[in-house]
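Structure in structure tokens, see below.
Every chain is named by a letter (A, B, C, D, E, F and G) in the order it is written, and numbering of its residues begins at 1.
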């Protein structure tokens, strides 16, 4: 293969070699990762620093490549759903939904209304856990140890709620083609109803403790500019895009399922920096609460409405064809593209991960900043490594 | 969309059913046209969603998904390239984000993107440079007409029509 | 003047936020703790029972040691991770007398009624280490013979331990139910690491 | 198909730095005492690989609080850690790094393999597997396995108790009440 | 031998070490270290002389203090020069900086 | 007494006492910090090892001692092991001139303050050697940061200390304490509030504590300068850090809070010193578990643009007032 | 007391000697720096013996706290390799010449010190820090100010020399 000819000589770590080949004077090449506390897993970033300033950086992916797309071609249509819970452990419900939605498109299945509401409620609750996890971890990266504890207190309450319909705490895979696995029982709905006011009370504390904090503001304001043009070039979506001032949200702009029935806003920030992304995410938590409240009000009663009655067997055979389904995940637009050849096994499953594109913009955003800013930028992108590597 | 594509010799432009496929337009292109089209799309404020390949009997079908923020109009560009020389120009100079997508496609299918600034393995190990996990075995590989349908054709040239010919006939006979 | 306010006055005023932060953490310092002291106390059973441990068999209501399972293989075929292994029972080997009887019956031209294989499985093992706890097997079981267990505090010191013989486990549970013996730690003492 | 199997040979990995040099003064009582000390202050390394890492974090958080057993000090550097919690999927690309980190830890050291992926490849152990290491024990010696996908935080705590038991030969804490279904 | 002589001998030893180092070292930083050694010797000699004779003790101490101040100033400047030289020539070895000779 | 002079015996006793005091304080402080942090985060912290986890620090220490000593392959072994020792010894010396009670002074030194300043500068050197000796990029970066930080923060610290000694006319810590005898309003904090604030901030900077823990910022530099240290090497750094904290807080309470004198006459004693020192230490711990870490350039900006001018101004104002 | 002083003097001499030899002979610059620091500590001990504790502490403060750190930065910035900089030994000729160059002044000065001893007193004079201060601001005001000006200029010069625009962002 012609493009790889020089790889023959590059034994081992070609990234560092590449950097060293074009090395300037007075710079130092450092490796962040694959085991590094602030990369949230096994991302590796090769950084060339001049003193504390980053001259260039190159993320190295693939340390957690778990062959999801390959598995999509070997598992049955239904058997691939557990994988979706593991692509992005931050917001697995959205991935579940993206895949299930694509297959439903392919097969032309309409989902029972109660199931749709359950999906909305669970996905939004899951979005809260995702944002809380990000919030805590981000502040932890910036050096404060306590906020993550408070965030996890609330997160544990959410996990207790979500554990009921999914029997799991983290890697939810309870969406099924044509429905959801289990219904929300009354106890669970009651828990959600008590959680919402509780969390509304907690949010101001988060703001006082962290958002208003002088040190934090100085750390994130004006750091890591990812503006609208960069978003377009790199394909960034989600809070990164909204932090750049574009009010794009798949839930609003390409309404799927029943999202057009809810009244909610898309928070945006014009600053395009880490602080913008931070504020967008924190504001999104409130919007999620609003959606959940409305969904709970509109939720059809469980009587007579089964959530799984139209669901095909896991060994279903969708007709040949292709379908693309996009949903709004905690990190941005999740797209799943499936191709069927009419057999029990998908012909091709392509997962479009938002984190992949967001991470792509890192190198440009981090150029010229200092090492500590790299951490701030990395955190503000809200990375989940399995999603990057898939 | 159609205005946008003026001046570009497309192979096939077709409207797609949004409800069942999630996309508005499907465009077949020759490999040489992809960069030009991408530039037009960039100017029309489209952003790149993903780039990937499909292993079919006729060769590799490289797919590009584009979407706009203010208008929901997803476009898929399809480029069919042969197995013998799986090479296609890179659009990384226009959409920087394409660099990683292209490298990933290179990892999975072995499609070479000419002009990609850094075409080294992204997800795979260095040892696995020439191993492409998503290549199908001959038994499993299908023809394009068994997988995709064209949709509501606006314009189409002979080659593409020939590719889908039987499928159309089949659909007709089924109906 | 504006620059002075922005660069000098504002930072000093902003220092107030630091005191607010200290106040909040100070407030939480005085609040009661929320920790569940795990081995001494546990989260309430009502909550924990909704969590899915590994998969296990359900016994028949009358005979708890006998699974409801009808060996239909639905769980095995639908399992995405291939963690279940089920061996159907073979029909009981006919004794010589029976064979003679059947042969005789066949000679007589009567229809031979061979005894069918029992429905319950001969062997049902489950490799927990491969499972992704998706619950597909439980959903697809026509006999409702599978469930998530409550065995969620489980650790092992070798990989083999986690390959569970579900039938044996069911038997054990059944005997435990009938005679609730005091739980003794039966795990074997493991050899010293320094060895 | 690329050859599945560890990138580095197993013999190379386990030989060498796993066990400590014999102590200069070997008194059984002192050794026992030190073992107790070691078991009561197991500092884990911050080494989250995938999903299980979040549950590992949850174990350290206020609700479960691993700190009660002296295991709160998550050290970012392998040099200061006693126990490596392999929490998540180990891939072929990551395997050399895992081994290297393990070798950088000073003895005596232990490994907890947390979650099904780390134990055996878990749901990713498929026929055409080309990138996931099927069990971290093919790379480094594992002492305790905590199954689950991911395990509950209590499970990880039990893993710690089991490790303490391996070190000292005794379980120090009461057995938790069983869940009534 | 008086106490003063002993101190002077120690100071002399420092001077010798510094001188020898200056001739032997081939990097600028090494030379700087040697110079510091000699300066120390000078300081010690000064203080000892002032303290152990009838001479004004204040002058001796202050003189040494000034030497220290000078040493700090000198170190700052030399550091700057070394950095510039290292950037210009890519090395701080004296053998590499002999462009005038050639 | 066998020809051994009294002063030597005193010195040895003082050194041993300082060492024990240091170790004891480090243990207690580690426990306090972990408990305090736990309660802020609504969890108990160390709990099961010993009554309420009281044995935890001791057990951690014993474990650290029993770990394998590793010297990295490419490291300079001599420098590598010199560094922790070099960071430990000066900290012990710092305790010598601090008056813990009317007679509880390790060594009466007229230039006590100067001695403390002189020996505290060794800390930066130890860090630098550690970072360089371990031949690790993170270590070098952490060392460079640590040195820039300690050197910078030493200046405002020195200036505030100077303004106190301007005011009191002495460098002897016992005398400074003695001048603050009487009621609570006789303490220096009321005469030098600005100096007190600057001293507190500079103290955070000097001891490398969060929010100024740039040298070992674990989310940026893995573990900073002690990345490669295992076992007791790390333990010594750890202990030195805590010892340094205790020393700085003791000095602060001597300089500003009246040392071993109570808020009103007649109740002086060593316990007051202890109470004040630990109050300051708790402030440090509290801040650590509340605030994010500052960025490196902000840290230096804070020093050069705020603390230094303010400290200089304070010094000049003190001089002016003293003169008038 | 006399004995103690002698013992201490011997110890300090050994420290200085060892340190300076280490500083001159070691192949690694960082080690040489450690040697220098050892010497500095030894010299400050000597100052203590000479009843000038102020000088001793100033020595530590200035040399250890400032100069050594500066030198360390010089080592780091010139990216001297840990062992390589002075690794290969010098040619014999330089060695001999260096030794000769060292021995000549040493011989002369040594001869002077040994044969023409100045009248000295056995117990060092002790002066208080107040007197020093008075001297600094009184009799020796001009040199004091000159030194501070020199320091200032040196710092400004150093900044100017190494100034570099952080341009290409």
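By our rule, contacts are C-beta pairs under 8 Å (C-beta built on N, C-alpha and C of every residue); 3 or more make two chains touch, one makes a residue touch a chain.
Values in this document were obtained by computation on a predicted structure and should not be read as measured data.
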Labels of chains that are neighbours to chain B and to chain D: A
Two chains joined by the most C-beta pairs in contact, as defined above: E-G
Remotest chain, chain E as reference, centres from CA atoms: C
Centroid distance [mean C-alpha coordinates] between chain F and chain E, Å: 33
Chain C and chain G: spacing of chain centres that average the CA atoms, whole Å: 73
Between chain E and chain A, distance of the C-alpha-averaged centres to the nearest whole Å: 62
Gap in Å, rounded to a whole number, between the CA centres of chain C and chain A: 29
Residue numbers of chain F (touch at least two other chains): 40-44, 47, 140, 218, 222, 289-291
Sites on chain C at which at least two other chains make contact: 18, 21, 24-25, 28, 33-35, 37, 51, 80-81, 132-133
Numbers and ranges of chain D residues touching at least 2 other chains: 61-63, 65, 68, 76, 93, 108, 123, 128, 130-131, 149, 152, 173
Of all residues in chain F, those that touch chain A in their complex: 37, 40-43, 137-138, 140-141, 145, 210-211, 213, 217-222, 288-298
Chain F residues within the chain C interface of the complex: 36, 39-44, 47, 286-287, 289-291
Chain E - residues contacting chain G, complex: 1-10, 12-21, 23-30, 32-34, 36-37, 40, 43-44, 47-49, 51-54, 57-59, 61-62, 64-66, 68-84, 86, 91-93
Complex contacts: residues of chain A adjacent to chain F: 28, 30-31, 36-38, 49, 52, 139-146, 149-150, 153, 209-210, 213, 215-216, 218-219, 370-375
Contact footprint of chain C on chain D as seen in their complex: 19, 62-65, 68, 108, 110, 116, 119-123, 125, 135, 137, 143-149, 152, 154-155, 157-159, 161-162, 165-167, 169, 171, 173-181
